[in-house]
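Going in written order, the chains are labelled A, B, C and D, and every chain counts its residues from 1.
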Amino acid sequence: MTLKQLKQQVCEANLDLEHHGLVILTWGNVSGVDRERGLMVIKPSGISREALTPAKMVSVRLSNGEPSGSGQWRPSSDTPTHLALYRAFPGIGGVAHTHSRAATAFAQARRSIPCLGTTHADHFHGTIPLTRMLTRKEVTDDYEAETGAVIVSAFRHRDPVACPAVLVAGHGPFTWGRDAAMAVQNSVALEAVAAMAVETMALNPAVHLLPAALCEKHYFRKHGPGAYYGQRE
Amino acid sequence: MTLKQLKQQVCEANLDLEHHGLVILTWGNVSGVDRERGLMVIKPSGISREALTPAKMVSVRLSNGEPSGSGQWRPSSDTPTHLALYRAFPGIGGVAHTHSRAATAFAQARRSIPCLGTTHADHFHGTIPLTRMLTRKEVTDDYEAETGAVIVSAFRHRDPVACPAVLVAGHGPFTWGRDAAMAVQNSVALEAVAAMAVETMALNPAVHLLPAALCEKHYFRKHGPGAYYGQRE
Amino acid sequence: MTLKQLKQQVCEANLDLEHHGLVILTWGNVSGVDRERGLMVIKPSGISREALTPAKMVSVRLSNGEPSGSGQWRPSSDTPTHLALYRAFPGIGGVAHTHSRAATAFAQARRSIPCLGTTHADHFHGTIPLTRMLTRKEVTDDYEAETGAVIVSAFRHRDPVACPAVLVAGHGPFTWGRDAAMAVQNSVALEAVAAMAVETMALNPAVHLLPAALCEKHYFRKHGPGAYYGQRE
Amino acid sequence: MTLKQLKQQVCEANLDLEHHGLVILTWGNVSGVDRERGLMVIKPSGISREALTPAKMVSVRLSNGEPSGSGQWRPSSDTPTHLALYRAFPGIGGVAHTHSRAATAFAQARRSIPCLGTTHADHFHGTIPLTRMLTRKEVTDDYEAETGAVIVSAFRHRDPVACPAVLVAGHGPFTWGRDAAMAVQNSVALEAVAAMAVETMALNPAVHLLPAALCEKHYFRKHGPGAYYGQRE
């Protein structure tokens, strides 16, 4: 894929965030990575969605975050968070960050999202983790990179490809996937799962976890070598 | 009706799920049956809705679930559940499965939906039942067929035509009707009824059942020989 | 106004119910009255909204509910309820009935809607009343007319023009106004007020009534001889 | 900017309230100010949004609220509230008033909105304050001007530019900004923040405030001399 095609994909993914109702105003951002060239492409900071074009997408070096080429636009202020994820999670090709309502409510309520049903299990293997809160020093010193670090540390004993979503405490969700489009799709699924969880907990505060056998069944029905959901490729 | 017309109907019904806001991504599926030919037509597995066409609908034998004709598409992974319903409920011609928010929340909260008002009574005779949770063995052995079996067993003492909806515990709703379009319409009604029930229970946790006389009145105003809702046919 | 114009108005008002998201499927109905001719015009029963045309609107005599003219369509099954309201409330020209979510939730929860804020006070003078539940005999004998009767009795000591809305217990809202369009507008306002009340009570179960002086101020700012909202006519 | 341009801006901002789903019917109003000419331009009272045109916007003198020019339309009944804000807050150029659902629910529940997450901190520095309830005398004597006065008094020890929003107890939100468009944008952000706060509190009634360091970080990342969000100008 050329850099131009990647910018096209990332631009479309950023516009899709709004079409799916996951962001308003200039909130949220999506990136994609070209690991061969060592480049990440991301939305420019604070630009309204009507003004987004592929040419305005910003490419930075995966190694150090420095701009590549002679772009005139500043990248999203969350760029260091995205970079930290690409460096720590070699299996991913796209990252999305939204302020979608229900997922953000869980992040603000400081609760992870347990697996309450098959909708969750179809997309996410196990609980959607909640990061720890950043320390005052982390916030002051290198905020966006430290945000990436607490996400990575929440996956120390988890496979980020099997659970492509996290809630940053007091902030909101980040999701990822094999490319920018899949990262957005996982944001869509996360918000739906979170919204169902809000209503489920209202109906029954004594949370019933989905039995483990059913969690495994639904996840592996769609993912991995034994999957039988979808078409043969 | 020709098989081609049935595929057209089933395709439209699958697209309608999204228009009514009951599904996102590739979630959900609708089928229709041709009992004379012994065939069921259902959505292909994991295909995005933009790509759905009548020609891609998959037909399988009602008797054994084997593909009929030389279709190249795999049927929905929930096919055995649909087949179980058509075999057990001779009065139905269409089945719909969604992950609509409020109905799924009831299924996840492990609660049936009691009849709280006339909106419910207009469409569903009595409580919308909740299935029991599948056992680990049922999940492992023949998951989708066993899902059909627990639905059927929830209707052992109920008329599935009078209450065309069920909540599968930890999973979500299935609905049915005389054809695919009516199955979808019942999914629409179920979600509205479930969403109202969520708000009703928030306003008053001491659930007030609709008095039996009023339940009967509203249901039989619209259904059966004494019905006087709608136009004479 | 000619009968044809009235049918046009009533047809548009019925379609507006759906545009405002207050009804789905064939739910709900709106009527308008021509008191000089002694006729009420109402939606036909059980017709899908796409098929509604002014010519299909049904006119019945206000005195006895009998069809006027040679219309081939059956009127809404709620016709006797509408007739009871026009007979008891001489100041109204239109009636609307919906199953809008939050207002129906209050009706199902058996709670009236107290005046919690100025949005309510702008449109409705005082609490939106809840009717008593119908007796078994009333349901069996003459259900729709008795529904009208319990509404009328809920306004024994209230002015129906100042509070153009009611919640029928276990059923849902009826609203009215000087014509069919205003009846629909009051259904829109009622649903917004009810939805705000649901969230208000979730945030603070200890309901704070709006002080009486502010209720009066807002209501009479928009209604009656001292009104100064809107343009001079 | 000419007066004609200001009327154009204010008209668009009023129409935007509806596009963003913050108002229905004739609710809400937006104004803009021209401090050099000493004029405020505001929506006419009680006009439906379809009928709004720039020429119908009403201009009044900032000093005394008297109409300027020979306009035939009455200004919004909330005009004295807007005037009070422009006089007390010299840094603002636009004011918006809505009845958006979640923000109004907080106002009706008599709760301020604490800073629960970074979405809030990005837009509003600190708690969104709640005014005290007006006294009976204030309501009777000069209601709309006194509404302005209680808003101003809620900011006695706060910077209204850093927190461009308030909840008037029992009524609803007012927001402001450097012009009419920014005032509307702040209404959009306020409603999103309020809706998230409703869900957050449902998930965890023990409110967790965002740590002060993170509140400061997010606010000053976007505002003031050290801001690094957005593009260099």
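Quick note on the criterion: a contact is a pair of C-beta atoms (placed from the backbone, for glycine too) under 8 Å apart; a residue touches a chain by one contact, two chains touch by 3 or more.
Here the structure is a predicted model, which is why all the values come from computation and not from measurement.
Chemist: Over the chains that touch one another, what is the least number of steps taking chain A to chain C?
Modeler: The distance in steps between these two chains is 2.
Chemist: State the superposition rotation angle between the two copies chain B and chain C, fitting on C-alpha atoms only and giving a multiple of 5 degrees from 0 to 180.
Modeler: 90
Chemist: For the homomeric pair chain A and chain D, should the interface be classed as same or different, according to whether the shared residue numbers exceed half of all numbers used?
Modeler: different
Chemist: Centroid of chain A to centroid of chain B, CA atoms only: how many Å?
Modeler: Centre separation, chain A to chain B: 33 Å.
Chemist: Would you kindly tell me how far, in whole Å, the mean C-alpha position of chain D lies from that of chain B?
Modeler: Measuring from centre to centre gives 46 Å for this pair.
Chemist: In chain A, what residues contact two or more other chains?
Modeler: If we look for residues of chain A contacting two or more partner chains, we find 201-202.
Chemist: Can you check the complex and tell me which residues of chain A touch chain B?
Modeler: Result: residues 116-119, 122, 185, 188-189, 192, 195-197, 199-204, 208, 210-211, 213-214, 217, 221-222, 228-232 of chain A touch chain B.
Chemist: Once bound in the complex, which stretches of chain D touch chain C?
Modeler: Where chain D meets chain C, its residues are 24-25, 27, 44-47, 73-74, 77, 99, 101-102, 104-111, 133-134, 136, 139-140, 143, 170-172, 198, 201-202.
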